[in-house]
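Just so it is clear, A, B and C label the chains in written order, and each chain counts residues from 1 on its own.
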Amino acid sequence: MTDIGALGPAGTRTPGDDGEFTVVQRSQTQLVLRRFLRHRAAMISLAVFVLIVLWAFAGPHLWHYSYAKYTPDNSQPPSWKHPFGTDSSGYDAYAQVMRGTQTSLKIAILIALGSTLVGAVWGAIAGFYRGFVDALMMRIADLVLTLPLFAIALVISSRSGGSWYWIAVVIAGLTWAYVSRVVRSSVLSLREKEFVEAARALGASDTRIIFRHLLPNALGPVIVNATVLVATGILTETALSFLGFGVQPPDTSLGLLVAQAQTAVDTRPWLFYIPGAFIIAIALTINFIGDGLRDAFDPRQQRVRQ
Amino acid sequence: MTDTGNRKGIDRVVGKGEESGAVLEVDDLSVEFPTEDGTVRAVRGVGYRLERGEALGIVGESGSGKSVTALAVMGLLPGSARVRGSVRFEGTELLGMSDARLSDIRGSGIAMVFQDPMTSLNPVYTVGYQIAETLLRHKPGLGRRPARARAVDLLGTVGIPSPERRVDSYPHELSGGMRQRVVIAIAIANDPDVIIADEPTTALDVTVQAQILQALEAARAETGAALVLITHDLGVVAGHTDRVAVMYAGRIVETGSVEDIFYTPRMPYTLGLLGSLPRLDREEERLTPITGSPPSLLNLPPGCPFAPRCPMRREPCDSTEPALRAAGSAAHRSACHFADELVGTAAGEVFGTVGADTEALARFADLEDDAR
Amino acid sequence: MIGPQPVLPPLPGHGGTEDPVLQVRDLVKHFPVMSRGVVRRRVGDVHAVCGVSFDLYANETLGLVGESGSGKTTVSRTLLNLETATSGSVHYRGRPLTDLSRRQMRPLRRELQIVFQDPYASLDPRISVHEIVAEPLRIHGRYGPGAPDEVRELLRLVGLNPEHGNRFAHEFSGGQRQRIGIARALALRPRVVVLDEPVSALDVSIQAGVLNLLMDLQSELGLSFLFVAHDLSVMRHVAHRVAVMYLGRLVEIAPARRLFARPAHPYTQALVSAIPLPDPRKERARKRITVQGDVPSPVRPPSGCRFRTRCPTFAGRLTDSERTACVEQVPDLVDRGGGHPVACHYAENVQLL
């Protein structure tokens, strides 16, 4: 698959055969990038999101408390020593929120990647072959869409012992169908393009046409969808953990932290509101990034920003 | 309606060349579009005079600015376009005129026919209704019944068979050629003085194209309107216009009578264009293509915009852009520093007959033989 | 690489001296028309191609000309097995193609290639030009260590700078893109190339260069071209023989010079008349044969001669009894004394140019 950043520098000129030059043209990727860079909310969100990710993954190595170790201080309000305070057992909330954010993000990203991969291939095959194959595959996808995501996730993950990747796999197993619908519809229109017919005239196999020509060209909607899935994933994980069917102690996640702190909302509000704020911040920034990408990929987006 | 009441009264078939006869005058028109990459200078100082009843052809390849010029004349460009210069219809300046007054002139004074008839037809009304609407808009006192009768007449004029029946058709029930005829009927409904036709036949098959061009001729004969025919097809221009303006990179680079342009071109671009054209009426050994492609209208380099593709390019070509000057006769003008050198020159003497890279081709052919 | 020899006799009177490379016999292609709604039933057929036969010889350009809806593009797709023929046969050097599976067809794809009309849609926007031209080599397992050089050589061959292989198709102009498409088609060193309106999307000044390139390639490499186009002027310039299609049928086939000098079918005459000449004096003085109306729907084509609904001869010159033949009998494509095959009961050579 062609990498999104692999194209040449912006505004490349047409090759200069015999002094030839034409209108400066940009590739789709360059246009998308430009439009995205101009989307202020998306750029700010991206910066915030990247900071959160760095903090959650690099932070634990630099912080002097571990999320799994007691400290001598119980129920402390935020201070220099414990920026997010401590809970009644003496755990450092700062370390725990870092760990929780890390786990939640890992789950969300795994959900997005897994369901995108499965959904994209599923949708591409259905859209490419059409007819009976399409009908069968899409009915299966429809069936998955009708399953009550929450109930299933609840039942399966409660038996899985609460390891983070297992939760991600269960949720992804129920969300890929969304992706497959999106990819199928773009493949349906792409397969009629002449370059697909050209590949067929060269004797290309179906696999080659799907993976070399169709999927890379359907990348735009797939990427937009994947970002939205990250947000969905984080919220689903949170909800599951909140109900006690997600990540299990001693490991922790943002949802679990909020759940554990619900009895302490009045007495130790920092334990509840700080992880809650992180959940909101992550979901919000990802939604803005998704908005920016959608606008950037949308060819109808033509307005000139001043 | 304002002061145009007596305009229709005067004899419209004034011979061309009469000083007072200009019905449309375009002067130093330029159009710029601001874009993310900078300003696109789509039209750069275009000027022409259209006499009453005359047919002017504007030819050019894609991106030469020919359609933008027409839209600017009609006041139909998007708000972001920056238009300068002057467009006078019967002496009245159109640029800067209010939309309401401009709408009065569009349709009754200047009518337009676009490439895609569906852009000008409303799919939810019958064609008869749409023609009647146009009639009633400019002559409110006409009445429904006479308007319908006139619509039938007009459909007959443009060659629609059994117009009494067709008048109640919806656009989607008609073929592309029929729709374009309806558009022409609407264009001439209010007896305009100028019809601007922008690639009116490009989307159509050749046999239908011939019919539409006939319909356009019939429409002109009926109204005596002058015609601006914008097209990339040199053949269409040869048969249906009196004068021709050749556009390249947003400018008119050569203008003259249709004979001047086709038989004694004085601009290398025109010569190259004619040499690139395969001809039905003779056999040519080899075409003489113009190498390269048209320049970007963004950051246009100084000098003649055709210079990078011109085999006659010399020093002044890269530094100064030649003005449109008389070449041969006063009416024949060309924007080339060396227009005089083109007297009696054929395309084959100026342009090469480039095809495949001969060396590469020979190597490829050798490998071919080895493989066999 | 000398394959089996043709088994079919060449078509009489169609010209050509050597053995045909490609033989098309009674090719028929119908597309089903489905009803709308939940239960989709077949309610009719688009009769896109109806009984088309022709031979294509080595080192020859056969022009296939017609207006939209004539079925010329369907012919080109069907004979490459990109569409399955409803009936009829296509033989390449004696090998029948129409019944081959995709796998069986694959080795033959090296010999039969196609260049598409739209230079913007026919190149994948996401892969580099080098990869586009190399793709046929990869597909057929011929992408060896020498392949990058081979690709560079192909780009040079079609008049592109070989240094530009790492660029993407959108960075090239329309004419250059069409050259990339030609390089891709040539990569496998085919014998037959179908050119599907290869220059109709290009500006005149660019089109001439591509036409010159194609003609050079043919004369040097001995390729056979099936040149599908609607532009008669281009056709006259490039084609050795021209076949005219109307509503799915061939109506006339003749050497180019002869067809344009003395067209015999009223449709060909109308077509030649309708092409405007870029010569003001000639254009104004020309004799014209014009047709009425538009092409009828290919779902329910007229009986007998399909052109009769628009035919000036039928409308103007024939008596009622003569017209019966046009309504009831499909005219065969045979030589009717004019020197080349024409599918018209009342064919008459006319000089129009």
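Here, contacts are C-beta pairs under 8 Å (C-beta built on N, C-alpha and C of every residue); 3 or more make two chains touch, one makes a residue touch a chain.
The structure displayed is predicted, hence computed values, not measured ones.
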Discussion item. By mean C-alpha position, what chain is farthest away from subunit B?
Written reply: A
Worksheet item: Ranked by contacting C-beta pairs, which pair of chains comes out on top?
Response: B-C
Worksheet item: Whole-Å distance, subunit A centre to subunit C centre, using C-alpha means?
Response: 49
Worksheet entry | Whole-Å gap separating subunit A and subunit B, where each centre is the average of the chain's CA atoms | 52
Discussion item. Can you compute the centre-to-centre distance for subunit B and subunit C, using the mean CA position of each chain? Integer Å is fine.
Written reply: 31
Item to complete: Give me the residues of subunit B that touch two or more other chains.
Response: 291, 293-294
Practice prompt. Check each residue of subunit A and list the ones that touch at least two other chains.
Written response: 14, 17, 20, 22
Worksheet item: What are the residue numbers in subunit C that touch two or more other chains?
Response: 159, 173, 176
Practice prompt. Please give the residue numbers of subunit B that touch subunit C in the complex, ascending.
Written response: 61-62, 161, 175-178, 205-211, 213-214, 232-239, 258-259, 262-263, 272-281, 283-284, 286-291, 293-294, 353-358, 360-365, 368, 371-372
Worksheet, complete the sentence: Listed in rising order, the residues of subunit C that touch subunit B in the complex are 1-2, 67-68, 153-154, 156-159, 173-176, 186, 189, 203-209, 211-213, 215-217, 220-221, 230, 232-234, 236-238, 257, 260, 270-284, 288, 290-295, 310, 353
Item to complete: Could you please specify the touching residues of subunit A with respect to subunit C in the complex?
Response: 2, 7-8, 12-17, 20, 22, 25-28, 193-195, 197-205, 208, 212-213, 216-217, 219
Worksheet item: How about subunit C: which of its residues touch subunit A in the complex?
Response: 80, 82, 105-106, 109-110, 113-114, 116-118, 121-127, 135-136, 139-140, 159-161, 163-164, 166-168, 170-173, 176, 181, 184, 188
